[in-house]
Every structure is written in structure tokens, then in C-alpha cells.
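Chains: A, B, C, D and E, in written order; residue numbering restarts at 1 for each.
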Amino acid sequence: ATLDDVKARGTLNCGVSTGLTGFSAPDANGVWQGFDVAVCRAVAAAVLGDPMAVNFVPTTGQTRFTALASGEIDILARNTTWTFSRDVDLKFEFVGVNYYDGQGFMVPKALGVSSAKELDGATVCIQTGTTTELNLADFFRVNNINYEPVPIETNAEAQQQYLAGACDVYTTDASGLASTRASFEAPTDHVILPEIISKEPLGPLVRHGDSEWGDVVRWSFNALVAAEEYGVTSANIEELSASAGDNPELNRLLGAEGELGAMLGLEPDWAKKAIMANGNYGEIFEKTIGEKTPIGLSRGLNAQWTEGGLLYSPPFR
Amino acid sequence: MTTMTDPPGQGFRLSQLIYDTRYRSLTIQVVAMILLMLLVSWLVANTVTNLHALGKDFDFGFLTQPSGYDINQRLIAYDSQSTHGRAAVVGILNTLLVAVLGCALATVLGVVAGVLRLSNNWLVSRLMAVYVEGFRNVPLLLWIVLIFALMSESTPAPSAFRGDTPSASMLLDGVAVTNRGIYIPAIHFGAPFFDNGLYNWLIVLIAFAASVFAVKRLSRWAAVKQEATGDRPTTWYLTLGILVLPVAILFALMGAFLDLPSLQGFNFQGGIHLRGSLIALWLALSLYTGAFIAEIVRGGILAVSKGQSEAAFALGLRPGTTMKLVVLPQALRVIIPPLISQFLNLTKNSSLAIAVGYMDARSTLGGITINQTGRELEGMLLLGLFYLVLSLVISGAMNVYNTSVKLKER
Amino acid sequence: MSDTHAQTVAYVRDTMTEQREPPLSQTGAYKWILGNMLSTPLNVILTIGSLWVIWSVLSHVLPWAVLGIWNADSLSACRAIRTEIYGADASVACWAVISERWPQLLFGFYPPEGYWRPVLAFALFIAAIAPILFASLPRKMLWLTVASPFVMFWLIWGGTVWAPICIALGFVIGWAAIRVAGPRIGALGSILLAILVPVLYWVVIAGPLASGLSAILPIGLDQVASRDMGGFMLALIIGIAGIVLSLPLGIVLALGRQSDLFLINKVSVIFIEVIRGVPLIVWLFTASLLLNYFLPPGTNFDLMLRVIIMVTLFSSAYIAEVVRGGLAALPKGQYEAGAALGLDYWKSMRLVVLPQALKISIPGIVNTFIGLFKDTTLVVFIGLLDPIGLSNAIRASTEWNGIYWELFVFIGLCFFIFCFSMGRYSLFLEKKLRREHR
Amino acid sequence: MQNQATETVDRSHMQVSDEIAIQITKMNKWYGSFHVLRDIDLTVHRGERIVVAGPSGSGKSTMIRCINRLEEHQAGKIIVDGTELGSDLKNIDKIRSEVGMVFQHFNLFPHLTILENCTLAPIWVRKIPKREAEATAMHFLEKVKIPEQANKYPGQLSGGQQQRVAIARSLCMKPRIMLFDEPTSALDPEMIKEVLDTMVSLAEEGMTMLCVTHEMGFAQAVANRVIFMDAGQIVEQNEPKEFFNNPQHERTKLFLSQILGH
Amino acid sequence: MQNQATETVDRSHMQVSDEIAIQITKMNKWYGSFHVLRDIDLTVHRGERIVVAGPSGSGKSTMIRCINRLEEHQAGKIIVDGTELGSDLKNIDKIRSEVGMVFQHFNLFPHLTILENCTLAPIWVRKIPKREAEATAMHFLEKVKIPEQANKYPGQLSGGQQQRVAIARSLCMKPRIMLFDEPTSALDPEMIKEVLDTMVSLAEEGMTMLCVTHEMGFAQAVANRVIFMDAGQIVEQNEPKEFFNNPQHERTKLFLSQILGH
């Protein structure tokens, strides 16, 4: 089973993108950083007790599924959209959604466009190898307008083409649009159109057929979400876990009560370690892609359900 | 042959399998055959097990399912509701298109650069050396990416053609060079013979082919005349007339008119759109391969010794005639075989189209289709087969040429 | 000087004319410019055209490159400095990304304190190929050549020193098998044996032996995972490993293609043509997407190794064609002399034919290597972080998001320097060979 | 080295006219700053057969190649058949089609048959009908005694045969002057004779010939003047008999002693 | 062309034994459908020195090459040293290491030094220790009078020296029979003598030799039988004196008149 393999190996093999701003990128020291990367680290901390015991395997849009299917990686945390066919036909198991995204459009302000429906005849830059192409084709067909797709392999090229004016519109997931726009010299010259033409629930996934491992990853991630819901942060977690508090759910989460860890085949303090790796979901979000970062994404749909968002961790019991 | 080499009746010994030259080769081949079969069956068995474990089967049915994605560059009708199979065909045609265009331009560039590199103009020959070495020694992938980016940054966006005082304007009112590609006028027919546009063009093509044939006859006639009288009659105006008139008449009959591209909305509309990705890939492939061809051409010309042109000059032949009758025919024998293998390389390298989003066979069949359907094995197999057949056809043509030249030499 | 007439033919020069300087039109810069650049109207046009090309390229590139900013920690900082010095419209390079990230472009994520290891390994490689390329060096150095693959492997990947030693031991065992069994069961049998025995040894004994030895005597370097390697180091490793490993296979294929055994010949031809007929990028996708299908269920080894295997198969087809050229260049008399002395096929190949054929093939092999080295950039499409892949990764960091040309220019320049000098070297070898072969 | 055949030449009818075929005055040439030809003065009358001798590097080839502008001279005058050689392309063309040249290495066109080699220039330069050109070519091929090889390629011929084809090829242009640059020095001894025989028969017909050669037997038998060059200058010239028996200049003596002693 | 040195051979002790070294019976060979060797019958006794002569293309080389299986014969029998040459590899190996061969173009291995050329086969075929093989090699190199060149490469030697090395290389295998295929025809005249001298001294030691050559002086001086071949057949064979002075067959007469007259 994957869990035993990972424990025996001592490291977690985690598939990430070869580079997507805010979600996964190596820094100057070669240490991978980002929102997707944090999920991997949390799982590694929960399973192995060490958030740094992760082998990051850069994958491209083309190679990611094969890498997972062949066992080269244990988890794929590479902004991958959860779709029916991927889940059922390609035989993977999505363990949750760590970012609710949707495909959007960015255009230069100078074009004077205010809605995607006005884009008849426009040239659209898209990043290939994702669901984007399919969404785009559907959107324009449904609205019965023409467009000229310019498929581009990497975000950097797409960005360069868009800035040079080789396409009128750049479309990708809204989070990508925001981070791309943030890197422009004059971000305010570009607008992100209001239409979100697709649902893009991005989440980590594992292979079909190893539900134990799926549970480990799912609940490690849920722990991060729950931690935010209950106000557990990396700052106060030591204190909270030192003694059992009066919130039984919190106690179960932090291992002070019940045997959740053992049920998963992990240490009792697995969730604590997962949270301590990078903090809770909210902390990770703020650090990697939140409003204080150059990427500047707002929580939006990714707020806790208690705050009108979609993040909703099932109960720990 | 009357006697046997070995006395008969000695009987067959097992050791003869190894030590007898007559059986030895058979033994080796049988052993090799068995090993080969073992290897192949091992691979096949593994594949079957693995496919089974993954719950996949080996099935080309996906080719008949709708693809769901759009392709901008297409030579045949296609939309997102067409099948994966059709998408593959679109990709294959795109590969062939860029390969043919690339081979043509690379040859031109290579010949020009190769000849100029031999020029006695120091500046020009140095410049060509820089071109050749620069392109040969940097990976093609980098060149494709760089040229694509360079093109989109150095040419105006369509929006620059807009407004009262546009910063860019169309050439001759019919050609627009933009960073999305080049728009050129298209020819349409007002009173076509057939509804299907393809047939109209087929007629034009047939007429043109007939003209070309007539021109060939004309030049044969001129050659015969030259043989008889020594003077070659001037035929260029006849040639021109034969080439242009029939097609022109056809055009007039069908009411041909130019469809000029014009700026409408976001883009130019009408005319023919040569996309930036095609042009970038085409240019990069041609420039890169052209650098190799330049070296081949230079080598070929140098291989024809200086004595040959001197002898021709001494006979009173002009430099142009010398080039045509003496140097080129000899140089071509040296040039053509490596030239064709460069064509092969160019064709294979066109699979780097992925870098600029040109939808060739690799990007459609071997890219998005595989990605959407998860049929790696089938997709890659088809793709490999396509390239293999293409290469075999090209190298087959080369072999035919080589033998024909060899026959002519002696 | 008198006119010479047919009638008074005789003439004897009394004073010899001295060597004179040529007229002004024949010397100096004037003649050079006139003769080289302005000799005909066409030449004048070409010269002006060239000058225009040079000017238009340099006038754009030079200021951008020369005025570039070297000290900044992000693209926005770069832009701020530029605005401060040159104004907002100026277009200047932001070389700071290179000065900050060059170790990554060269070594990938290799631990910085271990940089000496790949450097030493490549130095070792140079030392190891020297005796092959320069016949004047002492033959003893060939031992270094034999040992270097194992040492290089150990230096780069680290781990216990016993692993490479135990692997190397397999070759020794194979050699010993030939030595011991050869006289008894003949060449063919001993070759089979020399393949079988080491394979058995590697599969069954080598692993436990290595771990046993390292338990007793733990000597080793820190282990570095393949995925920590990137940049030019990755390109070099794949290129060198590909060429070195493909050499034996390529030689076998070349011999196979020359063989008059129908089956062997056809199998070699088919292998070579299939490999050469399909683009490398398709093979790389095969390595990353399909190789797992062909191997027993559960086998899984890292992508870099798979790429090296694929690249080895790929370049072996090209090497085979190069070696075939070398074999064909050998006069038939060499084969016959070997046979007449009583050398069997393998011995005369090993002792007489191959040493000569390979020497002739070296320039071709170097050229194949250059091609392969350039082609390693394609691994970016399967997610390995070669220089181009790294440039994408660098751009994905928040500091350098949006930077473009600088990285490509730097990478292109590095490739150019490397390939150009290799190409010159191969030319030099070719000339030398031609001299020696006359 | 001397060939008996050449001794049989009947010189009586080999008339030298007063008409001037080539006139070179004060011709100078430099290669870069190296002064190859220095103040060359030479008048060749129609029908003269001149042999140019001299040590290697003395400028013999260069001088001969200047005459049909394979090399450019930088000072002085060359008048061939009344036409001055300058940078005027028309004059160059005219002179080149009047002057035939035979090279040391034959320089036949390997991709054309012998017959095509011989008809190429007549057809393209003289604009002679092909049939007629072929007849002429066959005539000259018969003259050099290899008509039966007409449809072979040069590669299939021996060196001596190739050189004879080269001579025939030049003759097909009906030149009034023939230049030879060491036509026999790349040949095996047996083949030298067949080529020299051909040249002798040409001489007998009164062709104006300028011939760089080391075949002193040929010079003695055929030439009516021998020119000795050294260090880019004409050092001595004389009738063959005088030249060989009674050389005047030191260098000539030295040269002859080497050539003949050997 | 004849070499005086060869006249000095003392033939008295060059004994021919009764033992048979090579026996060829009814041997036939075809190249495709071309019948090169027709019913060759030849018996060579140990110690015999046989010269094979004949016009070009008559099959001399082919016959000699059949003896050590560089070419395969298709019918008939060849027995060398009591071992029949068939398709059995072991016999072929045995015969090849008993029979030395010297080629027209030396075929030295250019990548090995002279010494390595000579020790290669003894070490790898005869499995003789290197030291010993080198001693033997030096002995034979001394015999062919070039011990001082032992560490040079073949490219640094003259043709005659190379051919002598080729002879020494064969001798190092201690062959009982030596085959020579026109060993001197690729050499300059001066060098022919040194090679012939070497062969003469070999003959003096009683080596069985089968030698294709056009050096009739050598044949007269050394051979005890001359074989004349034409069109793939042995036309005549005789003692040298008889052969040269009194040829029987028409073709032999014609051939001798050409060879000797020339």
C-alpha cells in the first residue's frame, strides 16, 4: 500500500507543476514554495513527521497523469481540475478541493471590452494541456460567437504573447490571471472580465484503488481547513495541544482525545504536525497567494463556509 | 560443379552447429531469433498485464469520438465537434504543410548563405559565417521560442492599424503584417463553375499544369532549334504568355475577385491569414536547417575544383554559363544526398511546433487527444507510425535519386 | 629594353629587376576594401545591405545588453532602478536574474556545498576521454577511462562507494568469464557466458553485497536525488551518458548492419531506421508516458534514468551510422590480413578493425554528441528541469515573474560557447585525420 | 625523357609570319605584396612555337594565365590578336575564345561525356548548331586519335587520353593561339609520348603555341624559341639549338645543367 | 629488373622432402557464374619453392587465396599439412595459423607499432606470453634487417620496409608454409631488391613457399618449380631453367616473350 511505501521510503513523492506562480515554484535556494506545495508538505508532516521529507516531481500538463498512474508520484498537487472523466475514466481519486477556481478572461483596458460576450472575432491565448481548451470551445459555441484560439505551452510564453498584443484576450483560471496581471509593469491597464465560464475545483488527487492512502491525504488536507475553522494557527497550536481543551472536536483533531491517528495508521499528533508544517489553510493562503502577496488573490469562494465561502471540512469524529 | 566439398557419409555431429561454417550462421540466427522473440513476448506480456492492471484496453475507438477542442490552423474543415481522428488528420496536414514550406525556404536560405559565404566580399562572408555558426550551435527549441517572441514584439498589433492616425499601415492596401501573422488577399470567384470551391481551384490547377507542360515543350523546341542553328530563339515572352493567359482567362470566366483583408473588430477579416505560430515555426525551422544546408552547399561548391571553372573560363564560357553548365551539375551530386537528410531532419524537427502552439500532428494526436482520452499507447503508436512512414518515403526518394545519379556517372 | 623580333630572337637580361612594391591600388586598407567589399556593383549592394543588417541588430541589442542592470532582487526592483537611471521608456536588460540564479541554471537544485562534485566529475570525464582523443598520451591513462564512469556516477549521485564498486565488479566477472571459459567453450559460448554471469550477479548478488559492505565499512558521499539535478548539469549528464552508453550499442548495431547474416542484418537495419525515423521528442514522450507499460508491473525508476535509456537507444542508432562509415572506410586488406594471421571474427574486430574504425569515427561521434547535447533541451516537455525548464521555473517565482529575454539569451550563449568549441574541435580532428590518412 | 618521335618533325614548312599574335609590354603582376611578374616584354608572331622554361615558382604559369585573363595583371599591356586585355568584359570574352588553353591536370568536365566536353563551348559560346559542333569535335578527336572514346566519361580514360581530349576540346573552339601549362607533367612516362606527339602534329600545322614544359626534347624538336624565366622575369631567350648548346646567363646554365644532367 | 643478388643463392642445401605440404585436387571455383579456377591439381612438397606466373586475371591470386580460405572453393579438395580445408572452422583456424601470407599491399595494421604488428597474432592466436612473443618478433625483425624500426608505426616506413615487416609478421606465427601474392609489385624498383633478398634468405632456410610474382629473375634463382596459369587453369609447370629456355605451350611462349622482352 502507498502509505507503507511512503513510510518505508521516508519521503513523499509529490507531483507539482514545473512552475506556476504562487502555487509551486522553486526559490533561489531550490526549495519549492507555494500553495500546492504546502499541501504536499502537510501530508508529509502528517505521515512522516517532517514537512521537508518531500520529493517534488515537476510534471507538465502532458505527463502528470501518467506519473501518478505509474506510481512515480504518490500525490498530484498540481492545480488539477476535478472532472468526471478524470475521476472515473482516467481512474483517479480527488481527495478534496484546495482552491475553487474558474476560467476567466483578461483583456487590455484599451480594448474597451466589458463582457466576454463582446469578444466576437477575438484572438484568445490559451494554455494547452488543460481543461481550458474545452471550456473555451464550449463557451464560444454556446454563445455562437467566433474566436481564434492561440494555444501556448507555457504561461510565460502566453504572457509574453498577450503583452505584445499578439492576442486580444488571455484566458486561464482566474487565479492564474490574477497572478499574471500582478507581474505586469502596469497592472491597471488590464482588466479581468466578470464572466467566469467554468467551474474549476482544483485539488490534490491520488490513484484509484488505495482508499487508505486517499483517506490520509484527504484528512490531512481537511485538518488544515478545520484548523482554520476552529482558530488553530501555527502560533497557538502548541499551546492548544498542550492540554485537552473544551472543544472535543479540536481535541480529537489535535490527538488529545480519540484515536483518529491510529485509525489512519498514523501517529496521534498527525494533524498537529500537518498544521504546524505551514499553518492552517488560511495562513497558507495568506502566505502564498493572499492579498498581501504580489499575487493578491482574495479569499472569495475559498473562504470558510462560516464566512460565505465553500470551504467546509467534514467533522472530525 | 561435380564434386562435393566434404566427403559424404560422415554423419552430422552436434559440434558442427558451431564449428561448421555452413551451419554456424544458421545457428547464430536461430539463437538470435529465439532471443528476439523472447524479448518481444516479454514486452508484450508486460504491456498486457499493465494495461489490465490499469483497467485500460487497447482500442482505437477514441478516434471516432468528438474531440471537443478547436484548432486554429486547419487545412480541412474542422470544429470542436469533429472527431479525434479528424483532429489527427488536421495535425498531420499541418505537419506536412510546415515541412514542405520549411524545406523550400531552408533550401533557398541555405543556397544563398552557402554561396554568399564563399563571396569575396569580406563583410558578407563573415556575416554569413555568423549566421551559420549562430544557428547551428544553439538548440532549435530556443530559436523557435526566440523567433516567435521576436516576431510578436517587433511587428505591430492589429490595433495599431486602427484609428485616425494609425501607427502601422497595410502594404499595397492588401497585405497586413501583424504580430498575429500576416494577412494577404485571397482570391474568390464571383461566378464559379462549381459550388464546391475546391473543384474551381482544381480546374485552375489543371490549366496551370497544362501551361507548364506547354512551356516545357516550348523549351524543348527551343533546344532543338538551338541544336540545329546554334542560336536559341528568344522565348521568354511566349513562356510568360502561356503561363499567364489560360489562368487569367479562367479567372475572368469565373469572375475572380480579390478578397482583401480589412480590420474589423479585433482582427483583420477576409483574405488569407498566415498565423504567427506557423510563420515563426516556419522561419525558425528554415533558418536553423538553412544554416546546415549552407555548409552542405559550400562544401559541394568547394568540392568542384577551381580547375573546373578555370577550364570553362579558358574556353570562353561566361561565369553564369559556367555555373549553370559546369559547376552546379557537379556540385549537386555532392549536395543532394545530405540535403535530403536535412529535409528529413527538418520534418522531424517540426514536432517542436509544441513550443509555439502550432497544431501539428504531435500537438493534436500526440498532445491534446492523448491528454483528453488517456490513450497514450495508441496515440503514440499512431504518431510514431506517421513519422516513420514519412521518413521512409523521404529516404526512399533519396535512394532512388542516388542510384539514378550513380547510373549516369558510369 | 629592345623589342624582341622573330629574326633577332636571342636576348639575355643583363640586370635583374628587383622586387618592387605593388602600386597603391594593390596594397593596404584601400585595396582591401576595394577588392573585398566594393569590387562590383553587386558587391557594393551586398556591402551596404550587410552594414544595414549589422547596424539594425546592434543598435537594438547593444544598448539593451550593455546598459543592463546587474544588481536587483526582483523584476520590479530592476524596473525601479531602470526608471531611476534611464527613465521609464528605456528598454534595458535585467541581468540581475542571471547573477542571482546562475548557480541554479548551471546545477539545478544540487546542494551548493556539493558543487565541487559535478565539477570534479566533469573534469574527470575530460581526463578520461583525453587518452582516446590524443594518441600521444600514455596508454596507462586508459585505466582512468575505464574507471571514470563508475567514479563519475558515484561523485554525482553520491551514496555509498560500494555500489559503483560492486557494479564494476560485474564487468570484471564478465571479463574473467571470457578469460576462463574462452579457451574451453569457444568465442561464441564465452560471450554468452560473459553476458549471463554478470547479469545474474547484478540481479542476485550485487545489491546485498553492496549493502553488506557499506554496513561494514561505510564510506560514501551524501546522496543526491536525480530530481535535484537540473540546468546545464542535467543537459551534460544526459548528453554524456547518452553518448558513452550508446557507443557499445552503436558499435554492435553497426557490426550487425554490416553482417551478412540475414536476420541480424535486418534486425539492425529495422532498429536503426525506426529510431532515426521518429523524432526524439516522440521518443521522450514514450519514455515518460509509455516505458512503464513495457516493464514488469511495479518496476519504477526515476524519469532521468528513463530519459537516459531512451536517449541512449536514440543516439545508438546515429552512432551506428557513424561507425558504419568508419568501418566502410577501412580497406578490405585489413580484414584479410587479420584472417590470414588466424584471428577469428571477434578478435580481428577487437584488435584490428574497431580500433581503426573508431578512430576515423571520432569526429562523427563528436558531432553526434553536439546534436544530442542540443536536443537535451527537449526534456523540458516531459517535466525535467533542463536550462529551459529551469527558466520557466524561475519565471514562476514571484520575484522574476515576467522576465523573458535575459534567461534565453544567457542559455543560448552558454549553448553556443559549448557547441561551437566542440564543433571546432571536431573539425580540427577531421583535418588531422585527413592528414594522417593520406 | 627525350622522345624519338619528336625528332622526325619536318620544320621546313613551319613558317613564322610577321603578323603579331601576342604582344606583352612591361607587364607586372603582384600577389598581395609579392612581385610575381616583373616587366615582362614578349612578342609572339603568328605561327611561332615558344617554349617557356624555368625553375618552379618563377612565374611561368602566372604569365601564361595572364594572357587569357585567368589572372589579372596590374601594370603594363597585353595585346592579343590586336585586342587589348583590360577590364573590358567583351575583350576578355573575345580573347578567351581565340586562345585555347591546356592545363596540367586536364580539367575535363567529369559529368559530361568526351563528346559533350568538346561541344560545350562551341555550342554555348560560338553558337554553333549541335550537329555541326559534334562533327567538328569528332574531327579533332580523330586527330588526337581517340574517336572511339567519344561517348565515354573522362573518368574512364587514362591520363594520356584525358590530356589528348583536353587538347581536342580546346581545338574545337578553333583558337588561333594555344597555351599549354605543363601538359605532360601529371602523366606517366608512357603517356607523355602520346600527348607530345599530338602537340607536335599541332605544331606542324602552324598553330601559334606558347608552351610551359620541362620536356626539353620537345623544345629542341619543335620550338622556334625558348624563353627562360626566373624570379618573375624573362632572363634569356634564344633559338632552341643556341639555347641548349650555348646558354648565356648564369641561371640558365645552372638550370640546364640540373635538367639535362638528371 | 633481374636482381644480381639472387644469383648468389647456394641451392645445394635447399632440400625438398617427400612429405606433402599442400595437395590440391580438382579444385574449382566460381565467382557468380564466372568460372575462375578450373580443375586445379597441384602438389607441393615440403621445402618446395614454387613460383606462380601468368597473365593478369588468370586466377593466380584466387588460387593462392583459396589455400588459406580467404576465398572459398566450390568443388574439389585442398589438403594443407594433412588437414582438409572444408567448412569446419577448426580446420580453417588450424590451417591459417600454419600458413603465412604476404599481400601485394602489405596490409600492416597502421594503428599498431611494428613490434605490435608482429606480436599480435602470436599473443592472441598462439597464446604465447607477451615477453616471449616480443623476443621472437625481434628475432625475425632482425632477420629482415629492420630491428631498429620496431617501435615505429607502419606509416613511418618506406614501402620496402613495410613489406619486410609484413614478411616478419607472418614468420612470427612460425608458419610451415608461406604464400606470397605479388609481394613486390607495389614497390619502387629500388625497394624490390631488399624484399626479394629477404625472400631468398627465407628460401635458403628451406621454407615451403608458393609465390605469385612477375620477378623472373627471382624465379630463375630460387624456385624449383614454375607454374604457369592462364584462364583459371595450370597450363604448364616445369623447372625454372626448362621453363624459361624451353617453354612448351603457346601461351607460355607468348607470355614469356612479353615479360622478358619488355
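The criterion applied here is as follows: a contact is a pair of C-beta atoms (placed from the backbone, for glycine too) under 8 Å apart; a residue touches a chain by one contact, two chains touch by 3 or more.
Just so it is clear, the structure is predicted and the values come from calculations on it, not from any experiment.
Between the contact lists of chain B and chain E, the overlap consists of C.
Shared contact partners of chain A and chain D, listed by label, are B, C.
Distance from the centre of chain E peaks at A, each centre being the average of the chain's Cα atoms.
Put simply, chain D has to spin 160° for its C-alpha atoms to lie on chain E, with the angle rounded to a multiple of 5. Located most centrally within the structure is C, per distance between chain CA means and the overall CA mean. Between chain A and chain C, the centres computed from C-alpha atoms are 40 Å apart.
Averaged C-alpha coordinates put the centre of chain C at 53 Å from the centre of chain D.
Distance from the chain D centre to the chain E centre is 49 Å, each centre being the mean of its Cα atoms.
Residue positions of chain E in touch with at least two other chains are not found.
Residues of chain C in contact with at least two other chains: 285, 289, 292, 380-381, 404. Looking at chain B, residues 18-19, 145, 149, 354, 370, 376 sit in touch with two or more other chains. Two chains count as a pair here when they touch; such pairs are A-B, A-C, B-C, B-D, B-E, C-D, C-E. Of all the residues in chain B, the ones that touch chain C in their complex are 18-19, 25, 28-29, 32-33, 36, 43, 46-47, 49-51, 53, 116, 119-124, 127, 133-134, 136-142, 145-146, 149, 348-349, 351-352, 354, 362, 366, 370, 376-377, 380, 383-384, 387-388, 390-392, 395. Across the interface of their complex, chain A is touched by residues 75-76, 79, 100-101, 104, 108-109, 225, 227-228, 285, 288-289, 292, 298, 300, 302-303, 380-385, 389, 391-398, 401-402, 404 of chain C. The touching residues of chain D, counted against chain C in their complex, run 16, 18, 28, 30, 32-35, 38-39, 41-43, 45, 48, 74-75, 224-225, 231-239, 242, 248-249. Put simply, chain C touches chain B in their complex at residues 32, 35-37, 39, 43, 46-47, 49-51, 53-54, 186, 188-189, 260-264, 267, 273-274, 276-282, 285-286, 289-290, 292-297, 370, 374-375, 377-378, 380-381, 388, 404-405, 408, 411-412, 415-416, 419-420, 423.
Against chain D, the residues of chain C that register as touching in their complex are 1, 3-6, 9-13, 16-17, 19-23, 25-27.
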